[in-house]
Each structure stands twice: as C-alpha cells, then as structure tokens.
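Chains here go by letter, A, B, C, D and E, matching the order in which they are written, and residues are numbered from 1 within each.
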C-alpha cells in the first residue's frame, strides 16, 4: 500500500511552474489517442507529439491518454500544443497532489486519485490521474501504464452507451465516474475484512486482530484523503455553471457526486465499526485477564495457607504436642477440608466461581 | 440485520443509466394500483404493464406500487410509460443507495430506507424504497414484497383521514410519514435493550454486555446512515418550493422533518448513553480486578513469609538451638500470630481490607 | 428521572393530525383562566369549554392554562374555539416532542420541556408544555397538574412587574423565561454533586463514584436534548420579526436567549469536568493496582527463593554435608539476611519501595 | 479558583429586570471618576451620585468606575442618570454572566471576565466587569475593588499613549485590551506548569501528575468559558459598524480580536498537550505494571516448581529410593541448576529479561 | 524545538502600538536590499537607514530584508520611511504572533511562521517573519539572521524564473511559496519517523515508542498552530481582490493555497495514524501482560497444590498411615503426575496454552 508520506521536497526552491528535468529514456511518455464521432473511430499510439496538433481542431471527440508524467520534455511539448498553464503542468508532474479542480481560460482541469484493487498482491494501488477537458478533447495524464478505463474504451469501440453520440464533456464525466466506481470495490474488500474480523472477534479473538484493525485504519485514512477532496471537486461540477459542460452532462455529475457522498458515509461507518471492534477486543482482553487472575487468586488463597499449616507440622521442634495425638493427622486433614470448603463458599458468594 | 457493506461492484464498468440484465422469472415485478378520488376507489393488480397508461392521465390519484426491482424489462417499460430518467431507473434498480431526493422535469423522486422491526426473527429489516411523485400519480418501487404501508391502504379504503380529498402530493407525503414513523419503533426497541443493559450493569454485570453494546452500536450506525440523509431530503421538501407540492402539504412536510430531527437527537443520546455504559462496564471490570488482586496480595503477603518461617524450623541442620527450647513451638506460634496481626493492621491502614 | 426512550409507537399508522381517543374520565383536562388588564383581574376555573369563547375577543390579556393533554375531546373543542391547526393539537397531545417553534396564520406555537427539581424524591421531573400565543391570549397546555408558574401568577395578582401593563406577548415571554430560569436550579444541583465527587475523588475514592458520574452523564444527556432545541427556538424569537411580538418584548427574548447559551456553556463544562473526573478515577485505580502489585511482587520475590532454600535443608537425603556443619544453621540465616538486604536495595533502586 | 457552578437560583421567579434588594452597607458601591481631555485631567472619588450628572454632558471624556455591584440602590440611581436599560442593570448585578455584547439606543454594553493571576495565593481570580460606552463617557462596573486597570490609569495621568487625545471609544477599547492582555499571563503560568509536568513525566513520573493535569484541565475549562464568548463579542466590534465607535478605533479592535484568536489557539494546544501527557502517563503506568508483573512471574515460575521438588525430598515416606543414593543431594542441586538455566533461557527468548 | 508557551507578558500594560525599548547593540537590525528590474540588479547591505528612502520611489522592484526585530529604533525609522501603521510595527516586534494578514492603506501585511529543519540538531526551528507588500517594494522582517530564502535570491541573481520580469507582488508570492514549501520537508521528516515507529511496533515494540509518539504529537500541535491560520491568510489572497496584487499573481496564490490544504490533510492523517499507533501499542502491552499472567497462573496453579501435597507427607505426625505403605512414594508421584496432566488439559481447553 502506498504510504501517506509526501515526497515533494525535490521541488522545494524551484521557481513555480518549473518541471523537474530528471530525463530518463525509460520514463518516456506513451501517448495513445481515441478519436471518434457518431460514425467513425480512430484508435492509435502516437510516435511523434506533433501528430497531436490535428486533434485540437478535429471534427471529432479526441481522448488523448498520456502514460508517464516524468518525461518533462513531452509534457512541455503537449502543454504548448494544447496551451496548458505552467501550474497545470507542474501539478501533473508532481505526484501526491491533493485532488482538486481548476478552471483555466480554455480548459477545465482536475486531479484525482485512481484506486484499484490489485488482487495478485492483495493490496490497493493508487495512481494519480490528471484530466484536462478542452472544447473537443480530453487529455488524461497517468503516472504510469495500466488503468481502470478499459470498460470505457470498450464502450467507445462497441458504440454502446452514449459515448459516441455525446461531446467531450460526457467522455470527461465517464472517466471520473469509472474512477469513483472503483472506490466501491475497495470499500467492498475492506467491508469483507471487517466482517471476518467481527466473526473471529466473537468466536475466537486472536492477537492478529489488532494488526488487522490497524491496517484497515491506515487504508481508511488513505481513502479519506482521496475521497473528501474528490467530493469537493464534484460538488463544483454539480453546482456551478461551466461553459465546457452541457446541462445534460451536469445531471450525470450530480449522480457521481451522490456516489462520493455514499462512499464517505460508508467510510465513516467503517471507522465507527472498527472503533467499536477495537473497544470490544480491548474489553475482552480485560475480561480474560480478570478470569486468569481469579483462577490464580482462588488457587493461591486456598493452598498457600494450607501449605503453611502443613509446614507447621513439618517443623522439627522437640515439643509439638499435636504430633503425638493419635488422630492428629486425620484432624489436620479434616481442618484442611473445612478450610477448603469455607473458602469455596466464600468465593462462590463473591461470584468468582 | 443487513450488513453495512456496499454491493455495487456488479455495475462497475457499465455505461451510466444501464440496467443490469439478470432476468430471472422469479424476480418478475408485481404491480398493484390504488386509483381513487373523493367518491370512487379502484384497487387491482396489473397483469400487463400497458394497463398503466391510463393512470397517467386519469381524473383520479393513482398509487402504483411495484414490488421487485430486479426485473429490468418491467422497469424500462414503466420508465417509458411515465417518462422516467435513465439515472432514476438506475437508482431504483441499485440496492443500498444513499437516501436522496432528485427533481426531474415532470417528477420528484426520492430514495428512502424502509426499516421495520421483524418481531419473529427479533431483527431489523431494511428495504430500499424509491418513490416518484408525478402530477396525479405516485410510483413506489420496493425491492421485494411486504411493506409498512398497510395503514395507508386502510385509510384510503375506509375513506378516513384526508387521503381521498387531497391530491397526489399528500399521498406522497403520507408514504414518507409512515416510513419515518417506523423509525420510532426501532428506536423504542433499542431503548428497551439499553435499559435492560443498564439494569444488569448495576445489579450484576456479565460479559454479554459487551456483545450487546457492540450490537447496539452496529444498529445505531445503520440507523445513522439512513436517517441523516433522510433529514437532508425532508429539509428540501420543507424549505424549497416545488410545483408538484402544494402549500398545505408542505406544512405536513415540516412535521415529518421535525420527526427526523427528533430521531437524530434520540440516536445521539443513545450513542452517548451506550458510550457511558461501556465506560461504566470497563471501570467496574478494573475495580473487580483490583479487588481480586488485593485478596491475592493480602493472603500471599501474610502466608508466604510465615511459610518461610515454618520452613526454617523444618530444616534438618544438626544444630538449631530453637528446636530444643521447651516453648520453641509455642514461641513460633506466637510470633506468627504477631506477624499476622501486624499485617492486618497494615492492610487496614492501607484501606485494602 | 424520566427515561430517554421515545413512546411514540402508539400513533404509528394513524392519519397525520389524528388525536388518540383513549378517553378516560380521570384524564379530563382542567382549564383555568387569568384574564387581566392594567385595572382588572379575573381568575377562575372553567367548567364548560364554551365559556372560553369570550376570551378570544375580550379587551384583556387572557392566560388559559390546560392541565392534562390526553383528553382529546377537550383539545378538539379548544382547537375549534381558537382555530388551532390539527398538527399543533397533535404535537400537544404527543409526549416527548422535540422542543420547537411553529408559526401559524393566527398564532405562534412553541413546545418546551419544563424541568423542575423535585426535592422530595431528589430527582428531576420533566413535563412537556405547549404554549400558543394569539393576539390577546396565551394558551398553555401541560401534561399534568403542577408547574413552575406560581411566581408568574403572583406577579399578575400583585400587579407587580410589567405583566399587567403589557400585552399577551410579554406574558408569553415570561412563561418561557420562568421555564429557562428553572434550568439553572437543575444545573446548580448537578454542579454541587460534581463538587462532592471531586472532593471525594481527591480524599478517598470509592466505587460509588462511577455510578454517580454515570447518573450525571445521563442527566446531562437529558438536559442537552432539551436545551439545544430550546436555544434554536429562542434564536428565532430573537432574530426574526413576528407580528405578534412587539419590539420591546423582543429585547427580552434576547435576554432569555443569552440564558440558554449560558446554560449550554455550563452543560459542556460539566461534561468536560465529569470526563476529567472519570479519567482521574480510572488512573487512580491503575495507580492503586500498581501499588498492590508491587507489594505482592516484593514479598514474593524475597520469600519464595528463601523458602526454596529452607526447603533444601528440610530434605531427607542421607548425605547433605551442610547439615552436619556446626554453624550450618547460622550460615543459612546469614545467607538469607544477605539475600534479603540485596533484594531490598534492588527494589529501592527500582523505586518500588 | 472560582468554581464553574452557576449561582443564579436566587433570581428565579423575579420579574425580568428586577434587581435583588440584599442591601448591606458593607456592599455600598465606591464610585471614582477620571475626566480628561487633551489639556486637563480631573481624578476623584464621588461621595454623592448626583455629582455624576455633569459628566454626561461634559466637554471631556469621563471614565466612571463603580466597584461593587450588589448595591442595587446605587445601580438604579446610576441607571437613571445615564438612562440605562433595566436588563443591562440586571446583567451587571448578576454574577457569572456569559460574556456578551448588547447594543442599546444610546450605549454599547459589554460583559467580560477579568482574569488576574494572584501570585500570593498562587491562583486565578475571576471578576466580572460590565463596561458601558456612551457618547463621551465609559462606565465600568466591577464586582469588587481591585482590578488590572492601573496601567491604563497611569497612561492617562502621564498623558502618554493616545488616551488623552482620543475620544471615549478609545478608552473603552483600552480597557478591553488590558483585560485580554491579562489572559496571556494566565496562559504563561499554565504553560510553565505544563512544562514542569512534562519534565517530571520523562524523568520520574509521580502520582501528583494526575492531580496536576486535572487541575489544569479545570482551569482550561474555565478559560474556555470566558474566551470563546469574548471572541464573539470582539468579532462584532471588528466586523460591524457602530455609531459610537470611530474607524480608527475599529482598527484597534481588530488587533485585540486577533489576540483572542491567538489565546484560543494556545488554549486548544494546551488541551491537546495535556491530553497527550495523560496518555503518556497512563501508558507508562501500564509499562511499569508490566515490568513488575514480569519480575513476579520470573521469580515464581523458577522457584515454585523447585520448591515442590525440594518438598518431595522432604517427605517422610519410609521408602524413597533417591534419599539413599550417595549423590542424591548433589544430583538434586544439579537438576535445580539445570531447570533454572533452562528457565532463564526461555525468559530471555520471550524478551522478559 | 520551540515551546508552545506564549511570552507576551512583557508588553502587558503598554499602550497599544508601543514598541519595547530593550535596546541592546547586539540586537541591531541588519538590513539588506535586492533591487532589480528586467535588465539590472543591485544587491547590498545598508549602513544607514536613510538610504532606504530612494527604494520607495525607485523604478525597480526592491526587496528589503531586515534581520532582527528587537531593535525598536530601526523599526520606528523604517516605519516612518515606509509609512507603516504602529500596530503593524508592534506585531513585527512581538514574537509568537498568530499568522495573519492585514490590509493597510498603502500596504498588505502578513505574519508567517518560517519552519526549517535543522539537520545538525535534528530539530525544527521556527522563526516569525513579517512581510510587507508595497507598490514596488517588499519588506521582510525576520527575528534573526538565517532563512530559507536563498533559492529565491539565486533565482533573482541568475535571472531565472519569472522574478525579474514581474512586479513586487510576484516577489511577495514567491517568499510565501518558499516558506510553505519548507513545511513539506518537515512533514516528510515526521512521516519517516512515523514509518520507523510503525516498523518497530510490529517487529519489536519498546518503551521508547511512547516518548517518540508524544514528541511527534507535540510537533504536530506546533505545526497545526502555524498552518491553520496560514491557510486562512492564503484563502484571503486567493479569494479577495487587492489592488496591489495582479490577476496573474493571484493564480499563483491559488496554487500555494492548495499546498496549505494538502499540508493540513497530511497533518490530520499523521494525527490519526499516530493515534492508531498508540492504540496498537497500548493493546499490545495489554496482550503481553495477559501472556505473562497466564504463565504465572499456570505454573502457580499446578505447583502450589502439589507443594501442599508434598508438605502433607513432610509432616512429622506420629501416625500417618500412607508413610508406611510400600508404594506410598510412587503412589504420591503418580498422583502428582495425574494432577499435572489434568491441569494441562484444563488449561489447554481454556486456550491458555
């Protein structure tokens, strides 16, 4: 799981809007384009960034996806082609931004965290995605390859859904919607683990529960950091009027906004639930400790005085009259039994037994 | 009790507004109609959805109740007849939505959680209900058969109350009002259990208290998730002006809004109370542990040193002068008694006895 | 003390505005009237509700007090005479309403909780009071006989204060003011008990403290449920303009609003204080447990090894050379003393002694 | 330290605006006047309240300070001279008011808590001060003699600062500013004690820490009750326009408002810090308990079984073969040593040693 | 690390706007100037404050940095030259101000906390910086020499970035931006320490963890006190219109505002995380205590009764029949073994082993 630590120190001291120049050929951006209208679809990988110019003025909706945000040369070039503000580019190239939304002269820009559940490694992966909405194009900048957008691509290819009929703002919305939908999968996984913990809490509490609850707490903190600002972003899309977003698409933004609120409600429920489980676990530890102590106390309280009694008659004084009595030994045993029974009554009265 | 886990993953990747197509004849929707005005009442179960057309333009108020929201074919058909937005239908067909309210061109739409206490299984059942208010009709979509609306049906049948005189918005209100009223029954049940726990806390605390308090915590979390958004929904009905809702009905919405606030107040009180009970329980455990430890310590502190003393005179050294003394044994007993009494004084001074 | 559990289930399923018909002659309402102006005062108990008609149009301020809200016939009759909304009557006849304020065409209506300290039973009694302000009358509906308004009655009788000179809204204010003043008495009682607990916490903590703190917590929860909505009600009277309330009376509402804020501040302080006391108590338990454990450990750690040593020389092996030594016994005692002293030094170094 | 308990019960049942008549010659108010303009200064103690009339219309700024608010006759008289509202007088004569600000036709009125550190008794003293700002006069009502205003008096006498040049609103401001400045001294004292506690927590935690932290908690609660409403009061002075307050003075109110926010920030920090210290203390107790328990367990676990072994060979059975063996005793000692060493290894592995 | 205690008491009683006169030659302010436009750059240290006059009307942007704020003579002189309000000067000369922003007729003024990580002493140093923005100059007042602005100076010198092209408001922004960027370094250090604690919590919890978590808590409190008001300051710069700040610079203020929100999010995450770690640590202590107690109880419960049994047959009664039996000893050993095995089964069933 990604850590919560920020790694922004490298840019400290640079002029605002400056892109880092750690040019490494392995990090070259990979740019793919899907350009479509109701009747045609072009899908390709770009070899030279100059090819992008035509999509800016095309009579089609173009989705330009850029994988890899450390290639500052390419970012600058794309920025020039689409007239992107330096601060926008800086945000894209800086990992671990807070999700947010900015309005520029010709574009709307949003930064989101794309969460996906990696079922192989059984962990959550987080990738920052910056999405730019222009008049007839959408730019999506991802930190690295691999994303959750395959269903979107398939819907465009199959001419299903409303993708091919609507304009770029609808594409912009569907990308965000897909990202938000994937939060539900993460929540479902966490919910399953919480139920497992709950079951084991009641049947047979083990020490692993503590670590499991702590890990869930960490993941909930990570999710909170992503979803609260995302809700703010979507509230803006729902409430405010933007030229680039049509009325019919804004209705859809209300829907995805509702989803973020639902996610937050579920997050808070999980938080309360896991807090309740921790309480339950802690008190059951105390209860078990109490039970242990009672056993120790009962045994000790009964046998330590009896041992002392036995010790007395094990002494080697020349003159201990009881030792000479005929029924001394049996009298001793009877005394012990009496003491034992009295003790048991006492403990029963105290509800220790 | 329903779990708090969301089950939305099945719709991830689908185009927004798409209904799931898991068509299973067992899940076919059952549609019933009550159509009435001040003088007449028609009550029937629909066999073909085409029969619904006439209620849209009838000179009567029509309450069309649909049980079963997994029958996507029927939902689509009903959607066409009453001109419902695809997102509205998607919300209806998706379980575990957050309660909310949406305004469409021709309708008001709200999603609520209908809670009812199942006295057989001694549990709370939750069912999602979507209610659509049109000009002269109300559509209620339920996940499955069985609901809390029988009193409403009886009032319409008996021509009691204001139902038969008022328009569709009043019917819409009474359905919501009945749902909210049922929250009070749930609260009453929880309140009774809290009182039981409180009584047993003071008289004779047992370990079951922990599990009981945790279960109540779970139920309060579930209730919170339903009632807070419901309050938001009703605040809108109370505060804002809608064409479909008359002024006289809006007064009634203020009343039901007050009820949600009262429910929330009681919920928060229950939360505080159960928190206080947990504190009380935890500290009483600590107190009892303390009492147990004191007994152990008093007994051990008195008898372990005495046993050592007895052990000394049980040794087999050739030369232990005390063993020869005539009153050695009685001197030993007197010493033990002295130590015992001194110890008891000490513990009494320390308030351990 | 009244419980926090709602008892609304009886009205579930009834049409909104319906009054329960559990007509029981014992519950007949008792209606008394004080009708006064600057020069005259009429004070009487009503035998027939028809007598109330004249007070609606009288040239005097009339305070009509109704004790008993289960007599639905009388409520309906009064409602007809003074033209009261059905929802208003429903609120009055339903116990455990949330304090609130409603504006109707001809009246202002408020529901409050009247708290009084019952010094005989040493408990807080809560009674719901509904007050209706009309143009020249005030209706006060109480659940049962007995209230805190005697000082108000005396001021009217004695022609002291401003009562007899001012109009109905001033009477309305003074009733609310008296109710709020009584909250301070409750707070004072709780404050005294908190001080007692604090004293005993520092001098001699007992287990009763836990129950006392829990009881105070319960009472604070009850008070919170009454005072927070009351503050909302009074904020409306202070901030908004109502035809029925004159400017000079509104100044007085600001004063009583200030009192509710002060009550809330004190409530929150009490909550924090009692939380702090619980912490203090819990930690002092831990501390005492620690002290107990140290005594046990010191004694055990010293004498258990010594007992073992004595046990060795109590063995009956044929050949144990030490037993034959002349100073074996005294050597043994010296060893024990050495170990004892070493142990004491060790514990002193560890600060256990 | 003043307790947090309200003492308002005496006024319950009185007509609003009524002053208590507990006339006691000892409580007679002492009235002093400083009347000044840029060129002249008159400073005196008033013997007859009628002398106050002239200051209302004087061509100078007059500061009239009244010590003692239980003298209802004098309060009424002053109220008549300066035309004060009855509710204003009631507030002044009632101790433990919530700090607040009211606007009247001719005056601004504020109630504050004047805190000062009494270095003799090493405690905080709280005194309620009511300040009235008129067109050319300031009235300050104090519960009793003694205040923090001597620096203000000296600045007026020495014609230093801006006092003598500015109008009454600047005097009004400087009094409030001085009161707020004294909160910083209180905070500094609490801060020093927190640092002391922190030092002793790390070096050598004692049980006094609990009481010290609780006392600080009490004082922080007291401070919170004074400073939060004070901040509200000053926010009004900063934000709203009042005829009696000039623009240049309002700039100064912004400064003192900033101070209250800073005080609140520091209060909240202290609260968090003392909470953190309590956590640290509680966990260090648990840690020490753990250490104690380990010692007990190690010693008991080693020597109790060994003692049993010694007990076996101390038995007096006629036939115990080992007792006859030549090296029985040394074999026994060797076994004990082996067990001891094995145990020590085991505990070391478990990290108990 | 700087303490959280305020040290404002020295100014209590002084007239508002008065500067302290603790004139100490060592504390003389050091004033340096960077004055530049697109083509030229002048950089120098000022020997006489009169030289500053020319920068007020120069045709260049001038950054005047003052190190040392205890030199009241110099502050007054600079105040006269640049026409600074007395309250502004007082704020600058008073340490531990709350970060804030004030608008004056000719200037914008802000107070910030400059945090830097001192890698030598491994601690956070805090220095208060007051920054004044005039039409063509920026004044920065620092408590002492040494700051984080060297990257800014270098960018001006190297004519890199936008510094030399833009006006004074851009310089003003870059100073604030650099201060905010340094908060990320602090957060990164704290994040690393939190990860270290987390690692050691899971692998091998030690008692140092408590102190480490407490220290982090202290630092987070310090950071909160600096960053929340800083966010308020930057929100003003982002939202409101100021004559001195151009539109293009305001876009940059939005960026730095976003950073403060991100810092706050991270702070809150750290708070939650360290709270979770404390919970984890405390419960692991309880768990270990439980384990210790179980070992003690198992050993004691088995061997104390057995020792008593051995003690019985070590008694010296004349007549104990068992002692004469031939297989008495072996019977005894067999009984012990039976008891031992029964006990082990019992403990295994109770899950203690």
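As a convention for this text, a residue touches a chain if its C-beta (ideal position, glycine included) is under 8 Å from a C-beta of that chain, and two chains touch if they have at least 3 such contacts.
None of the values given here were measured: they were computed from a predicted structure.
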Shortest chain-hopping distance from subunit D out to subunit E: 1
Partner chains shared by subunit A and subunit C (touch criterion as defined above): B
Copy pair subunit C, subunit D: interface residue numbering same or different (half cut): different
Relative orientation of copies subunit B and subunit E, as a Cα rotation angle in degrees, nearest 5: 145
Subunit C-subunit E separation of Cα centroids, rounded to whole Å: 41
Cα-centroid distance, subunit B relative to subunit C, in whole angstrom: 26
Of all residues in subunit D, the ones touching two or more other chains: 286, 289, 293, 296, 300, 304, 307, 311, 314-316, 320
Chain contact topology (line, ring, star, complete or other): ring
Starting from subunit A, with subunit B taken as the next chain, the full ring order: A, B, C, D, E
Residue ranges of subunit A in contact with subunit B within the complex: 150-151, 155, 160-163, 173-174, 177-178, 181-182, 184-185, 187-188, 191-192, 194-195, 202, 251-252, 254-255, 258, 261-262, 265-266, 269-270, 272-273, 276-277, 279-280, 283-284, 286-287, 289-290, 293-294, 296-297, 300-301, 304-305, 307-308, 311-312, 314-321, 351-352
For the subunit D and subunit C complex, residues of the former touching the latter: 3-9, 11-18, 85, 87, 90, 97-98, 100, 102, 204, 207, 210-211, 214, 217-218, 221-222, 224-225, 228-229, 278, 281-282, 285-286, 288-289, 292-293, 295-296, 299-300, 303-304, 306-307, 310-311, 313-316, 320, 322-326, 328-329, 332-333
